[in-house]
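In this document, chain identifiers A, B, C, D and E correspond to the written order of the chains, with residue numbering beginning at 1 in each.
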């Protein structure tokens, strides 16, 4: 069953590209930030799919003696950090969008570029 | 036995998602989000029992709480932006 | 005794799953917003009651039961409140429910 | 059986992502991104990552939806429809090319879940064996997060602090103070009239904050920890702000206290590290904090998790209030 | 407790300690003082570290006391020490020189936050320079990027906001690409430590994911370092940021990313992927050459002085990559040396702009007409830095251009073409710098165009700022005449990078 083992990587690729598309093709700045958060969520999915072990459970060892299979804790730690990085970037991006809205009265990328060129 | 319940819940989440995608008005989408959140809580509880790792139930409680706050936040912000857009004299800031 | 408990919890689980599914279908098939909300919010309380009740029976007298019942209590408090707030907001915003809409146009397609 | 679920939920993810990109109304896009985060959290839970599922739910579904809404309240909520989308064709070509490259490379990669992939062979077994001996706490993820890779988490707290400082800096331009006290809160007017959510909300807030503290100090034994607790407590106080209006919320936690919380949390983390240096160990080596190294590690992890919780709570609340205060 | 043993960890801890304190201090002069003190302290530590790594030794420091592959390990080699020196030096000079302009541009209640964000940039960049762990680089890259967005957005005009938003989008895409690359390498090797990664990457059966990882990492870091085709965010970000911020960032922020690119490519990939050396050369050399010609070419036609220097930075970055793409000791030596010398030259140029900023609001070339008569010392320093940028003998720029040309000759027949490009772009540099200097010195000053209120108010810059600007110019000349110190560090850095290349 080839597909079962690799489906996560394809979904990772798909989400990465959906986010990347939104970042490049969409003009609305808030939509770009949503695309950015999808783009970053794809990476979280990649790391957590690496951590999965067949028949394993979350790495919480209630009694060390029991021979249990656990999933890999390291990617989960990395992703805990990356999630909070993602939301920090989104929060800062939103603050900049709010300031751009007050300065340019629009949050469409092409209109802003036209206003810049004219001034 | 848990399989049946979790299958049904996943099906409902799929239906809720289609409602969220189709929903003509914003309130339909809020309804879909609310349904989705409750079903996630249920699915979490059932899967926790399915895997036998029942110490993850407080995750389900966190989801329920976050979902409630999310729905209320959407209503409040949507209401205030409608008021601002409509420029009702009553609540004019 | 255990078999009775298992059978009962199995019945509650399947019943809960059924109601949840009905709620989902209702939310999708109903013609306009308020009827959709009616369908989904009702099952939002009944479904968890049955499903979580079934789970509580499964785990007998233990910490898990307390946790499951805590989740159930929380869902029963917040579910209806969220639905009320949603319904109130929708009606304040002027979303028309009711039967008047279907007289003229095709019953399945609401005018709103 | 669970594998079928994971395939199904992953495809739902892709559907939701496409819906977010395609939707014109930004409000519905924000709500769909709320669903997207919940789906992400579910996928993490099915892939046996309980801590990450809790973080994604608390941070992704809860706080980021509120922040997006706060920003949307200040910006137009409808994406402008264009006659012809520019650069769509070119982007689609590059996008499909990169996607094919990733899928092509995936055939050489280890299958999901196969136990003898290099990832599970090298560093992970050491963590799983050594945590019961060296740190003796059940949750290995918190042990790795707090102690083995504590320097990463220190960097993480400072990322959150930088975001908080940045948002406060940007949104306090042209205003009297950092978080100017609002004369008459905007949000209060809209929820005051809702009696039932108002009462229910007020009843629930203490339990939410209590649950946040439970998650904070339960981090060693089950899924939980500083980030999740900070997000949950911040969500609880944001609920209070929604019900009572930010004016009341700012009276409960005035701006100086919020900024102080954020800075105090980050400094607490750093000073624990510096204390370890002064007591003779390396930076962030908690075993020198107490006579017996294992208790030292546990004291260290509890302290830094507290620092993380304070920093995240203070920062998320100041960001929320900064957006709300920008309303005038 | 001997502090000396903990020196490797201090360059990050000091700014991290000072940043929250600076944010909380209400009086803004105190916040500035805290930021300056922290900057000076970390500069002193950087000097100590540079002296310690002068003999080519690598100082390792296990964070949290855990051994290397399991815990995070700091590995400070001469390359890291050199870049650390640039970061802390540029930050100290820029923050001392920039106080008045920051005081004028930013409202008082926001300045403590500004200085806190400034210190976060220093801490983030220092964290990247000294860490030996791939994921740790990502975390500190995020700290420095977020803080850089904040300090650039402090610019007075509204175009700073759009420039910062574009920088945020492209910077986050770059950082996420880097994270994907690290994820793929972690998938194949199971470790995140550079040295450990290098050891384990040799015996992996599958090749496709490693190529993909190399592609993601190179593209991601090229995006963050504004390498030629992906440089769109740099000119606007430099042009619209506050002058002091541009002086600091222009000197060091892109160079730190180049350090990570060199470290990843030469240490981790070069030894393990078959003929990665030729791949690296074939991929990077054309980009570097195009970058040099494009950067210098556009700079000639640019009217805004700061954006002009931004395009010249892209060209100089091309030099650094050109040297690295030779994949031999001479090339790498020239490349690392140019990291140091370009930081000196570009830093001095922007510091002079900070001094000019006291009396000029706009920085079109027209505004600099006849400024030489009113601010002779500042423009003198500007001219010396310009000479160093061009690479006139006796200045720091000449040393690295000279070593680059020697390395280029080492490339055989291709060398002639390379030397031709280097000389051509140096001539272009003369052209675009002369376009600024000639009217500045000799043209008649028309106060209306210069936006200066009236003649008598426009005097020399304040003494403190002038001292810093002259010191920067003097450094250019000093390291032009006595290049022993950076040469030695660059030599050891080149040896360290090439140690793993077959």
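Just so we're on the same page, a residue touches a chain if its C-beta (ideal position, glycine included) is under 8 Å from a C-beta of that chain, and two chains touch if they have at least 3 such contacts.
The structure presented is a predicted model; accordingly, all values stated were derived computationally and were not measured.
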| item | value |
| --- | --- |
| Mutual neighbours - chains that touch subunit C and subunit E alike | D |
| For subunit A and subunit D, chains touching each | B, E |
| Reaching subunit C from subunit A through chains that touch each other, fewest steps | 2 |
| Result of counting contacting C-beta pairs for A-B and B-C, higher pair | B-C |
| Most distant chain from subunit E, judged by the mean position of its C-alpha atoms | C |
| CA centroid of subunit C to CA centroid of subunit D, Å | 29 |
| Distance between chain centroids, defined by C-alpha means - subunit B, subunit D (Å) | 18 |
| Chain centre separation (subunit D, subunit E; CA means) in Å | 31 |
| Per-residue overlap in subunit A, given as positions that touch at least 2 other chains | 16, 20, 50, 57-58, 60, 62, 74-75, 78, 81, 85, 88-89, 92, 96-97, 99 |
| Interface hub residues of subunit E, defined as touching at least two other chains | 135, 139, 142, 146, 149-150, 153, 186-187, 192 |
| Sites on subunit C at which at least two other chains make contact | 78, 81-82, 85 |
| All chain pairs that touch each other | A-B, A-D, A-E, B-C, B-D, C-D, D-E |
| List of subunit E residues in touch with subunit D within their complex | 1, 6, 9, 13, 16-17, 19-21, 23-24, 61-66, 69-72, 107, 109-110, 113-114, 116-117, 120, 123, 127, 133, 135-136, 139-140, 142-143, 146-147, 149-150, 153-154, 184, 186-192, 200, 204, 206-209, 211-212, 215 |
| Subunit B to subunit C touching residues, read off their complex | 1-2, 4-5, 7-9, 11-16, 18-19, 24-25, 27-28, 30-32, 34-35, 38-39, 41-42, 45-46, 49, 54, 57-58, 60-61, 64-65, 67-68, 71-72, 75, 78-79, 82 |
| Sites on subunit E touched by subunit A in the complex | 135, 138-139, 142, 146, 149-150, 153, 158-159, 161-162, 164-165, 168-169, 172-173, 176, 179-180, 183, 186-187, 192 |
| Complex contacts: residues of subunit B adjacent to subunit D | 3, 6, 10, 13-14, 17, 20-21, 23, 26, 29-30, 32-33, 36-37, 40, 43-44, 47, 50-51, 53, 55-56, 58-59, 61-63, 65-70, 72-74, 76-81, 83-84, 91, 93 |
| Subunit D to subunit B touching residues, read off their complex | 1-2, 5, 8-9, 12, 15-16, 19, 25, 27-28, 30-32, 34-35, 38, 41-42, 45-46, 50, 53-54, 57-58, 61-62, 65-66, 69-70, 72-73, 77, 184, 186-187, 189-191, 197, 201, 204, 208, 211, 214-215, 218, 222-224, 228, 232, 235-236, 238-239, 242, 327-328 |
